[in-house]
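As structure tokens, here come the structures.
Below are two complexes that have subunit A in common, paired first with subunit B and then with subunit C.
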Partner chain A sequence: MKPTETDGGEQPSIVATATDEDGSFSFEYDDDDIEITHRERARELFDELIYKPAIVAVKDRRTVIGGLIFLGYLLMGSVGVLFYPAPTSNQVDRSIAPFSTMDAPLGSTAIGEDVLSMIIHATPEMLQMIFAGGIFATGIATLIGTVAGYKGGRIDRAITSFSDAAMSIPGLPLIMVLAVVFRPSNPWVIGVLLTINYWAGLGRSIRSQVLTLREAPYVEASRTMGVSTWRILRKDIIPNLMPFILVNFANAARYVVFTSVGLYYLGILPTSVENWGLQLDVAYKNAGALVADGNLYLLVFPMVAIMGIALSLILLAQGLDRVFNPRVRTRLAGESESITDDADEQRSTELIH
Partner chain B sequence: MVETDASRHMQLNRRRFIELSGAAGAISLAGCADLVNNDGSGTDGGGGGGSGSRHISMTNKIPSELQWNNSNPSTRAEISRRAIFDRFVAYNIKTGEFEGYAISDWSHDGSSFELTVREDLTWENGDDVTAEDVATQLNLGLKTGASYAGYTESIEASSEKTVTFTFNSELGEQIPKYDILAARYLHQKASEFGKFLDQIEEDEEAGLQALTEFAYSEPIASGPWTIESKDQQQLLLTKRDDHPDSGNINFDEYVFKYYEDNNSVYQALKNDEIDSAFNLYASPDVVESFPENFMQVQTPGAWGYGLIPNHDHQHMGDRAVRQAIQYVINRKQVVENVSAASKSVPPYPVGIPSSKQEQWIGDHTDAFDDYGADSSATDKATTVLEDAGYAQQDENWVDSDGNVVEIPIIEPSGWNDWNDATKTIVDQLSSFGFAASSESRDYGTLTDTVWPNSEFAITTGGWLDGVPQGIYPYFSLHHQLVKNSRGFSYNYAAADTTRGGDRGEVTVPAMDGSGELTITPSDRLDELAVASDESTVTEITVELAWVTNQDLPMVPVMEKMGQSFIDAQGEWSVPEEGTDSLGIRYPNTWLPRTGELEYTG
Partner chain C sequence: MTNYYLQRTARAILTIWVVITATFGMIRLLPGGPLAQLEAKLLRQGVPAGQVDAMLQTYQNVHPDKPIEVQYIDYVVALLQGDLGTSISRNKPVMSIIADALPWTIFVMVTATFLIFAIAIVWGALMAYREGGSFDLFSSAASIVLSSIPFYVIGIALIIVFGYQLELLPTGYRSTSGIDPESGLLVFFLDALDHAYLPILSMVLAGVGLQALAMRGNAIQVLGADYVRVARLRGLPDRRVAVRYVARNAILPMYTGFLTLIGFNLGGSVILEEVFNYNGIGYYMFLGLDNRDYPLMMGIFLIITTALVISVYVADLTYGLIDPRITTGESNETY
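So, the complex of A and B:
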């Protein structure tokens, strides 16, 4: 964490006893004094990782709403698929209108598949793609951006040239070609494939953030103390970039959602899994949903599912910024009175696209 | 996409040109950007169907790229060529009659067949249509492996207006009629195409290559319309006054507007932008949304969705597995899922189209297995599999070595109706315990590599030969057993070497239930081709149908009706629904010639 923070348990609690047994002043301390019990450590971790972020999160409506929606998708993709039967043809009557029977609350397709079931069972793969794509894109971007920005010089030039080259490849056509050649069916692989050159732009902007951070006094102090580069990156630089990275993680996730839906819609990705994009494709092509007005629901529901998850990711991205902003967090968690500037609460990190 | 419009003129199998029927092209990447509605503009001034005396139809290929060399499968025109060129004869699917047209008369005499060219017919440049023109075109077919190449020795222009076929041996009358006359158009004028024939004589490979690469972009019309202009959006044809039937046509222009996919055609019909659409699959919901003035004309396709197993595959090559698949598939459910209005259930899985099954095997239906047309006959499937050494393990069927029976069905992407059918079948097979799955591929990839190179365990494909030949059992049986018209290298033992077989024997249980029947289908088909007395024809047909029913070289699932739409009220008058003349394919290009499609606006 940022050295400006007032909390943290890394410094041993030095007890400067005023007098020693012989009455003289000493800086020595008892071992017992610095021992932190497991309980305390756990409590600190809890504070750090859950309590404080939670406090900040619940204070912000965006995080709450975004989180709840996303939680809904998580539940749908984990518990929902266990309890709700998977879509198969002729599981219910054909072409049932939505909201007319509990057998198929959102209606059914021309081949008798339950629309709700299709939406629910497309969720796990979508979440896997999101995580795979998000982690891959932000992971690579962070690594490349921080190393390039911090090391500078030749390494910087080499890495920057490489990511510039990657950035100059048109993303979508590249993905299409790769999808056709490799025909991936594993959602984790698809997620990575979709963000195959998404990291480049993000890496660039992380690099520029690092360029400013590397001159910060606490980084300089670490350097002077001979701390290794890797440790500086890990302890000083990356934690300060976390808000930025997480916001962009959410954006990468949103990108994965839209791209995968688009490619499934176009029939580029193999149709081996359920996907909302596939549903749109089938609704448009097979059911003629744009022409036959009565079939419009086949387009609307998967679209709502896509919009819902995208909206939750946007809200989370905005909300997370505040969760990771140490100053806001400290104040809201009630540990510092030093920050009283209300304006700070309004600030949020710009989203990088 | 529109289901393929099977063109039977050319089967360039020699040169790996297996039926690249353009109408069926899958979505190209380039076309993806604008799927919703590609054509809001256009030259149609008024909002309603057609302006002035102009008939507006559709094409799903970019007009400026079209070419009319039927021997070149690339960007070949599909519908407009039926307007620009005259058909040999008008074959009526409804009545089964052949009505002379560009070929006004024909006669069959055992080992020869004579065609008489219509007397007053001219090309658009004023030249008479001669026997030389017809012979040139048919001889090119002979060189490129057209279906009649197998039994034809020579084709000659024996007089100014007479073309004579000489066959290798005696031939029944039906085969040349269906094969040579029924689906052919007069499109290769000797002055333009004769040079290729010479070239092929000199150097076959180079000549064939030149022919199949020739882009005939300014064709000389034999039909009543000629090309006026073409651009990205439309192909404009104007009426030829010197065509013998131009007096029947009371409108001046014929326009083919470009719509890149079915949905944009649906939109155009819905908005009454066009006057007719051909060979367009539309589900009942979609048809419902069209304005009432459109009449739907349905013609039997003698073609339809089936599964083509690779007979070299470990499991698909096993008759028991094929039979189990056929038992498990509930054909009626598939048809109803796809479109009960435009698809039908074949009563018996055999190499004969549904409408002709009663006629040919009606007396033997007790013996034939229908494999459960309207149910999943899982009991029978279980029996047949268990008898062959398969067993169910953890709900999955495994063979005697413990390998799971996987059924990965490869299908063309973007073929709406087929994709629905495959999905249904995958579900049916999966619930029975087969590890079934589907994978869609671009149609071009299928025809170029997957099918000819046997890169499939099982794939979707037409189990019949298509109208009109497919109507006649010789052709449909030939398609299933020996040489399918789509280039599936399915490695069936009895098949031709170009289809992965060696024209070998097939052994099936005897039809009367005692013993076995071993025959060589290709030999029996040759006998069928020359048979002239009815009892022999029936005997061989039943025997071969029995082989297809027992051995299932292909797995029939459904049969289609071709759907065309014509503006029947408003500005156009057409025959009433049910009229016989609607049994002639492509009514929007045929009816104007007879004066039955008239502009009344």
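So, the complex of A and C:
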């Protein structure tokens, strides 16, 4: 990451604190002493989270393509749902071939449902699951990884043991058993359920990143000034991990897509909502007939929908990883970015399922 | 060092114990489902209540009249003796179903995982050596596209193409009915292989992309390292540099991934085997889920978990042997 530019207004004025009324000298300061208006804080947040990543992101082709595809899905899930009618049986003629009529551009099923409509109306739930799962997995992983890595000692051992145990439970079977036990139908709950132990591996690699960060000079400076652990984590550690966390957000999202579609395909999740997995399931049950009749489009379109969103997430993850990781040493001298030597080899590449 | 091994062993046992306890709890949480239905059905058929209770107890090791801690101890003891209860839908001991199915799943998944790594290591290394060239660009794009397709989608596509359209390979099942080891070992093996091609291929295609990219990243990192430059400057032959210096160090970080991926893929077998109608443990786990056959479902869940715990355990224990630089038992200052 580029060193952040500082302008005077954001700097906590330690001098003012040092000359308090009682005259005692102290490096202590709390939030009240720092005069940052909400607007400034919002702008700082915007700079850190949106503006700077955006600037670097557009330099990488993969990020741009991935971002555009994902934007397409966002539009489909928000605006598209409002304007395109929901699928019902017999809304159009039965078994229309794709690209033959504007009533059903992607054709229709054997009971007269519009295939395009089915694909569009499956998107909102999918996006909700992605966000729920991604936020849950990366959030828990960040919390657990930073605390374990920074605190060390007994807390570290306890947290690491716990997350190692969670990591050793196979994700898919566990999710299936839980899905049968709890029968979730809310997409946000399903998203969380799908990443129920995904955070563990991620937390472990965040921890190993923190292990190198905790000895950094600026963290040590904060520590000697008596800044509280939470504040150090929030202000010094987590901002530096943000790129890594973003990359893994995209990876977790892809995992959610694959798993949820798989579970809907198996029919383990309740079938109250549209899902591409359901479409696959229905179509594949008659695979033999599909081939004979040339109705393969019923299988192909949901497949394309799954691939598209997964592709966009992978491109985003790969692109961001490259953009944010100046550590990847490249032999091509002209393209090499600044090389830092603090790299520990535990990079995001290890975490991919 | 010994301390680390002891701790690690204790942790593995602890994990399995936690999972056993969790399944014990979940069986009791499950909606009354199968047992209640079965009980009602048997009572309706005029089977005496006492006999019904005795029958139900042999399924699942649930004895509702005993105190919970006695039930728990019975459950754990039964598991340790290899008794996973009786499958309701199959009317057979869960253990015998697993013993029949597990070798098939392990065959498919271990072969697939092994192939994934073998291909990924070579492919990734080639990409790294030609970084920036058109081969690298094309391969990177191909591996990204491949990994954007879930394995079960690839599986469905392969079945459609090779099974239904070209009619080259069977569309499902683990062997042709009528062919078993008695009809000649070679015939049996070739038949089993015929049925395993597509499942293995779909796992490999879906899994190889990301691993190849990971290998590429590792290899690029190693290629830029000072010791490789020094080795080159010393005039060592390229081949020696490639094998002894680059390959070794680039493959090391992937070792743990290899063993954990086997366990991870065992979990994925539930979807894969359902797509291929392949009678491995994943297939039976889904059967258990679908029929609310909880003993079968939980038994297989326990087996898959144990397999994953053991493979991660082995990975952790052997990593120190493979990479002597790893120092275990880190001691960090507490803040």
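In this text, the second predicted complex is superposed on the first by the 261 of 353 C-alpha atoms of A that agree within 3 Å, B and C clash if a C-alpha of one lies under 4 Å from a C-alpha of the other, contacts with A are read in each partner's own complex, and residues count from 1 in each chain.
The rule we apply is simple: a contact is a pair of C-beta atoms (placed from the backbone, for glycine too) under 8 Å apart; a residue touches a chain by one contact, two chains touch by 3 or more.
Remember, predicted model here, so these are calculated numbers, not experimental data.
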item: Contacts of A:I111 with subunit B and subunit C, given as first, second, both or neither; value: first
item: First (subunit B), second (subunit C), both or neither touched by A:T88; value: first
item: Subunit A: partner with more touched residues, subunit B or subunit C; value: C
item: Touching partner for A:L172 - first (subunit B), second (subunit C), both, neither; value: second
item: Touched partner set for A:N295, first subunit B, second subunit C, both or neither; value: first
item: Partner chain in contact with A:A310 - subunit B first, subunit C second, else both or neither; value: second
item: First, second, both or neither for A:L266, with subunit B first and subunit C second; value: both
item: Partner chain in contact with A:Y284 - subunit B first, subunit C second, else both or neither; value: both
item: Subunit B and subunit C contact sites that coincide on subunit A, given as residue numbers; value: 173, 176, 266-268, 284, 287-288, 290-291
item: Subunit A contact footprint on subunit B (complex, rising order); value: 26-27, 29, 32, 35-36, 261-263, 266-267, 270, 282-283, 285-286, 288-289, 333, 336-338, 413-414, 416-417, 419-420, 423-424, 427-428, 430-431, 437-440
item: Of all residues in subunit A, those that touch subunit C in their complex; value: 62, 150-156, 161, 164-165, 167-174, 176-177, 180-181, 211, 214, 223, 229, 254, 257-258, 261-262, 265-268, 280, 284, 287-288, 290-291, 296, 299, 303, 306-307, 310-311, 313-315, 318, 327-332, 335, 339, 343, 345-347, 349-350, 352-353
item: Partner subunit B, residues of subunit A touching it in the complex; value: 88-90, 94-95, 110-112, 173, 176, 183, 266-268, 270-272, 282, 284-288, 290-295
item: List of subunit C residues in touch with subunit A within their complex; value: 11-12, 14-15, 18-19, 26, 29-31, 131-132, 144-145, 147-150, 152-153, 156-157, 159-160, 164-165, 171, 210-211, 213-214, 217-218, 220-221, 223-225, 253, 256-257, 261, 263-264, 266-268, 270-271, 274-275, 285-286, 289-290, 292, 297-298, 300-301, 304-305, 308-309, 312, 332-335
